[in-house]
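When the chains are written out, they are named A, B, C, D and E in that same order, and each has its own residue count from 1.
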Amino acid sequence: MQSAFEDVMTKLNAKELWDFPGGIKPEQHKQLSNQTPIDKLPLPERLYVPLKQHIGLEGHVCVEPGQHVLKGQPLTKSMNPFAVPVHAPTSGTIINIAPHVAAHPSGLPELSIEIASDQQDQWIPLQPMPDYQQRGKMAILGAICDAGISGMGGAGFPTHIKSSPKKTVEFLIINGIECEPYISADDRLMREHAWQIRQGIDVLCHLLEPQAVLIGIEDNKPEAIEAMNVACRENPRYQICSIPTKYPAGGEKQLIQVLTNREVPSSGLPIDVGIIMHNVGTCFAIADAIFSGKPLIERVVTVTGQAVHKRGNYWALIGTPVAHLLAHSDYKAIKQKHPVTIMGGPMMGFTLRNNDVPVVKTTNCILVPADRELGGSITGDKEQPCIRCGACADACPASLLPQQLLWHAKAKELDKAQDYHLFDCIECGACAYVCPSEIPLVHYYRIAKADVRIEQQEKQKSDKARERFERRAKRLLDEQQAREEKHRLAAEARKQAMAQQGNDAKDKIAAALARAKAKKAQLADNTEQNTTANQAKSAAVTQANTPEQQPSDTPSTLQGSADDRLATGASANDRVQAAIARAKAKKASAALANDKLNAEATLPASGTNAPSSQNIETPLPTESASARKPSAVQAASAEKSKEKPKNRVDASKNTNRVENEGIADEALPKASVSNPLDEKQQKIASAVAKAKAKRLNNASKAESSQTKAAKPDTDENKAESVRAAEQIDSSEDDTQSDALNAKKQQIAAAVAKAKAKKAAQAAEKGE
Amino acid sequence: MKRSIASNGLILSAFALVTSGLIALTYFGTAEQINQQQQAKLQGILNAIMPSQLYDNNLVHDCVVVSDQPALGSHDAQRIYRATLNSQPVGVAIETTAPDGYSGKIKLVVGLTTDNSNNVNIQGVRILEHNETPGLGDKIDLRVSPWILSFADKTIESDKLKYFAVKKDGGQFDQFTGATITPRAVVNAVKRSALFYQQYQQQIFAASNTCLQNKPTVLTLKTAEE
Amino acid sequence: MSISIALLAMAALALIFGAILGYAAIRFKVESDLLVEQIDAILPQTQCGQCGYPGCKPYAQAIAEGDAINKCPPGGDATIKKLADLMGVEATSLDSAHGQEDVKKVAVIREDECIGCTKCIQACPVDAIVGAAKQMHTVIADECTGCDLCVEPCPVDCIDMLPRPNSSAAWRWQLTPIDIKQVS
Amino acid sequence: MHELKQLSWQGLWKNNPALVQLLGLCPLLATTATLINGLGLGLATTMVLIGSNTAVSAIRRWVPNEIRIPIFVMIIAAFVTVVQLLMNAYTFTLYQSLGIFIPLIVTNCAIIGRAEAYASKNPVGLAAYDGLMMGLGFTLVLMTLGGMREILGYGTLFSGANLLFGDWASQLEIRVFTTDSPFLVAILPPGAFLGMGLLIALKNLGDNKMEAVFAAKPKPKNVQRARVTAET
Amino acid sequence: MNLLLASSPHQHNKRTTGQIMRLVLYALIPGIAMQTWFFGIGTLIQIALAVSTALVTEACILELRKRDFERSLQDYSAVLTAVLLAISLPPFAPWWLVVIGSFFAIAVVKQLYGGLGFNVFNPAMAAYVLLLVSFPLQMTQWLPAQSLAQYSHNWLDAFYTIFTGYSQDGFSLSQLRLGIDGTTMATPLDTVKTSLAQSLTYHESLQLPIFDSTVSGLNVAWSWIAFAYLLGGLLLIRQKVINWHIPLSMLVSLFAITLFMALVDGDRFGSVLFHFFNGSIIIGAFFIATDPVSASTTNKGRLVFGAAIGLWVYIIRTWGGYPDAVAFAVVIMNMAVPLIDYYTQPRVYGHRERSNKKEAKE
């Protein structure tokens, strides 16, 4: 089991350490960059601050483009504890809030705030709290959170969450290992700012109240160890531990193992074994936030590699494009035949898609190697088959069996890969480093891990979809039953009505209307999408129950009576209403005939909410733009309905009747004399028309080559569709006054085309 | 449940009866033929190692069983088939074992006769069973090599015993290239069985025929000294 | 005689074992997880109908009754492989008559073109479209299975099937080398 | 008729018990040192297959599900024993050289496999035919493998034909070549494994080739996409 | 501007597969030199034959498999296989023997299983086993060391014998095999096995002329060769080309069992020295059992693997049909490797011992 606190302390006091399995000893190359003090960079012109730079959620943007911000001003805020704000790194103007290539191996754009520096670098008023010991812990945590501090070592876990553990903390470990080759940011930071780091540790101690504080530094940084020793001299609780240089000693789990011989349980956190670990950079940032009130807007970045001349460490503002850093460190692109920029170290860093990527809170190094500097082939295209030499297993710090993982990852046997503890891989790269076959092992693991995650997500999604589908099926079944019940009631009502026959055409219409409404209202009721459905339903039921004429009339009778109504009707509203009524009546009778309703009935059903003209003004609880839509639709359908009596055909696109081509011509004048329609209606109508034209076009193109017999027809169709398209095109340039006419024509043309298409289809079928 | 138990039990039982009955019928139908075949096979082997003109009895049906004889190399019961001409002893076919084969025991049968000067003539030798290395030691098998035929008509003379050996040991029999142990084992086994026959000839022929018994009694042989 | 004893022994043995089996058949009966459920759990639940069955469950039923396992384009090869494992048959390639495996898509309604006809709402098998009559509709992207059943009913063609946006959080780590240009 | 054709195709090639189902490997690998041995075992297996398939099919209506396996096993065991006795009686020498592998036919999964998968669900005639075809398929593989191994290992073909067909058949033996150092591994069990593996590979190669030929003209299939929901 | 993309780690160790294989080849040089010194130039001819056959075979099959054979040939794995096979054959074995073996090793054992990294069996040893079972005669015709031979032979003789079966002067191979005492010479292991079978005691058989060393039970030639290979093997461990686990556990387990058996019955069972330095134990422990592809890959597994080989070697040598057994033992244990690997998985960081499987299932 885990070693007891006393045992650990005894061993540490005796300057003894444990070891972790595996590990490698790559060439360090730290001298390239750790010889000079941390340098300041000139202010960049533009900064790109990604909204999310840590594990967790992104905050809400609280600035807008054009706004002038001061250095240190928060750009996002959120009440969510997992959201850490970002701050303006310098004073300037917000240019844009848009996706910008992110500091992520994918190079996918992420939402970033672009700031143009005003070169003033003017601070927002700062609120330091040097008296933190008098404040409550919550206040300190709040300050840390508001300063935007997240872990600066690797993953970027929000610091304030890590600093408010629910369990007792035995060890606070400060990670100053920096085990990756080339990087020396923490090294320089410790050498130059040991004092502030110690202050940060003080703050953390105040928050965490650990029983011991261990500061782990690799023994290849004697100066840093010395500096920290000096800084921590007055507090004997702080123990500086010199760790043997071995990669990846700086890994959280490995460092814990080396210092305390404890193992973080798989899928657990260090706090599960009584340990909290913070990076030295984080400590420095905490000190900055508490004692100067400065948010985390800059960090030390190592710029190294043989392709740059002025290698060293720089204070880089968060959001500084890498290109800016490279420009000021004398980057010689010529030294790279295959230019590569690595963000992070050579072992775990990732290559950048381009150099516009901004520095983020976790960026500790920009490595620009010359060709062949890193040995082997960087793209991994020299991959050879695994010879099972086992060097990877010997190097793995987590005691995994990398080649088994590789085997299963390659074969996409994700279950087996997980049996071999795929998710315990820390992606340190030690296995791939030693692999003689140059297999990019870690890459395969990452792909496999991503696949597993995606698979899990999809599994969840499909479960949800199944549930929703089943629920919907059940609902539809219930509706069907309810509908049948209604039918029965309606039939009874009809029988009653038979007894007292009336001959009035208007009554007929009313009866048809009522029946239609009854049915559709019931649908609307069930879908619960309409707030007024209940009302309509009750109205319809009332109507249906009133003694009325027998409904077994054919559609033509109904239409005929509607014609009468149309002829006598004076106002436009009446006509519209009549048309709707007719359409509905027809559908209703068709439905009656089949003794079932199509789901499409919802459309007219909504119309039943208010069959009078007032419905246009009926306020609906949606946005203003779409509120106008219903009226437009109704008008459009009225228009359609009007054509029907004249031509004795159904203009509805859902009927299967074959139409003749004359309709279009006839429909045109008809349409043009109808009521003035407002702009919106026209738009919708034209949209419908366009859509139809598009479909027709596609259809006729597809059809044209199919059969010779159908050819004349289809050609004609095609010609017509082209004409329609021209009309549409030209109509868009028309003036306001012409627009009305043009739209009408378009609609008519579109309808005609739809019919032509059907005709063509029918012809084809006929063959 | 009871019905399930009863019906399943009965059905299975019925099938068992039928199938076993079928086997029983076949067995009765073929038993005679099988027996004949086995006799014929034995007869074939015996004929190959004991020329049929030398005797007039039914070799297969005239045998004694000996066991635990160091000269015959095995603790198993081994048969000695007796050949007689006009009821006079002519020779024997002895089942014997060479325990020192390269890969374990080699079982063989040796046909022996005696000549006037009581020297033993070897009429023929056949290997019954062996596990010798294929390609090396398995040349003792007639199917692989005719080497075993070289024993035919060899005589074991008391004063020339040492020539009855493989060439490497200074004898007259070829060894195979790459394998000496196997032929040496076979030669030695043949030699031992011949000497055994020479020694116990009288007792073997004096004993009663046990071949037709179900469990033949094992013949106990007495050495000359006793 | 010995033969009849043998026969009787066989019969008795068979009787005993038959009885044991008869007992076990009743006593240890297990209701196994229905095959259909297991198949259904593998299918991607897009309910797209490309297999020729109205929904995933009916197709699962059909597979259990012996239909081919390679009719599910949304699931693609991965699903076929799992089905093959489950059914103990050879994994075949996707039957192209049913369509091609495509990137995961999501339906998006072009809002200013939507006329609020609710047809897509009717068509959606998982109720992933919300909206009321004559109101603009919208797709709940998280619920959309990408089945594209809503596309055709739309009278104004305002629904697009767009690939699901690639986020760096759900990135598959496919590093495709990009042509190198000289640094200017 | 179509059914019979299908059965033949399944048994001889598509679902060959030895090459595809990989059943009955134990006798298959052990007895195929020569072609004639393979033929003998193959014929014995075929006889058992036909007999057991017929019997199982004939009694299939009276067999309760729970005890079908024991019943099948008994039937198969009975047939094997019968065949064994018959071979012992009438092809004694072949029986001697096949030895233990005749009783081992009982454990040849191809037989119980066919009983369970086909005979117990189909009428007698078809079941018998299936048994014949599966048996022939098995025999063919045994003969091929035996022939391959015999040529490589002994340089002969049809040696020992007299064991099966009587003395006249000894002249069937063909000596392909003579060598002092035959390729012994071919007639040893490892050779059987290697040969078997190569045969399976060849079969798959043939299948792939055939598939490529037939796939050249895929018949266009029109699939009606089912609507989960009503189309408006 | 687009930059080159790659996956981490970007830094690599310099040693590639080809280099590892080459290092193994270099480490074989002392042993081969010693073998040539004692048994003549035949070994070198065999190596040349084997290597060229192997390379041609590998190239052809890779071409058939539509792989890039140029790069694959550069990994030296085929060369290594061929050399290992060639040095285990009798130096004057006929040419077709090594050609068949080499072809089988590459075509069947290696490429049919999927090529480098996928072969279950050690190709050289599987081929050796094939040859031994198929052609036991040719495979056991070892010459006496030149100092013991009745007829001396030069490189031309070797050449002639390998290709025609007769030396320049018309001596057949069996004549060449005659020792100074006029008897055919076999390997020491063979000799002892034969004499034990002849009911001689172990110590009696050590009196035979083949044991010409001052140390009891050793043959000068064979032990010098073994020492040379030991040198190369230690070099490999020092270079970290191979791990120490397999050689050590194999030698220790063989040591333990030989010591035990020799103590139990010194007349029937050979001494430790006899077993270690007369035959292929050393080369087997350092060069053959350590073949990474077909050996166990976990450290615990390697210990088991090596120990089991040691045990098998002894069992087969003592009670089996063949005098030497390294090839059989290695091939047998190759089959057990997946099992060994499965049960010797190291405890993964953060998982408690053993119970991890169960946890994962729950």
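Following the convention adopted for this analysis, contacts are C-beta pairs under 8 Å (C-beta built on N, C-alpha and C of every residue); 3 or more make two chains touch, one makes a residue touch a chain.
None of the values given here were measured: they were computed from a predicted structure.
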D-E or B-C, whichever has more C-beta pairs in contact: B-C
Farthest-lying chain, centroid of Cα atoms versus that of subunit A: B
Central subunit by CA centre of mass proxy: C
Chain centre separation (subunit C, subunit D; CA means) in Å: 38
Distance from subunit B to subunit A - Cα centre to Cα centre, in angstrom: 88
Inter-centroid spacing, subunit D versus subunit B (mean Cα positions, whole Å): 37
Between subunit D and subunit A, distance of the C-alpha-averaged centres to the nearest whole Å: 59
In subunit D, residues with contacts to at least two other chains: 66-67, 70, 74, 181-182, 184, 188, 228-230, 232
Shared interface positions of subunit B, touching two or more other chains: 4, 7-8, 11-12, 15-16, 19-20, 27, 134-135
Multi-chain contact sites of subunit E, meaning residues that touch two or more partners: 1-7, 133-137
Residue ranges of subunit D in contact with subunit C within the complex: 65-67, 70, 74, 220-232
Subunit D-touching residues of subunit B, taken from the complex the two chains share: 4, 7-8, 11-12, 15-16, 19-20, 22-23, 26-27, 29-30, 33-34, 37-38, 40-41, 134-135
Complex contacts: residues of subunit A adjacent to subunit C: 102, 104-106, 108, 110, 333, 338-339, 351, 353, 379, 412, 443, 446-447, 450-451, 453-454, 457-458, 461-466, 468-473, 524, 527, 529-530, 599-600, 602-603, 605-607, 620, 622-623, 625-626, 629-634, 653, 684, 687-688, 690-691, 694-695
Touching residues on subunit C, where the partner in the complex is subunit B: 3, 6-7, 10-19, 21-23, 25-27
Touch list for subunit D against partner subunit B, complex: 59, 62-64, 66-67, 70-71, 74-75, 77-78, 81-82, 85-86, 88-90, 92-93, 96, 181-182, 184, 187-188
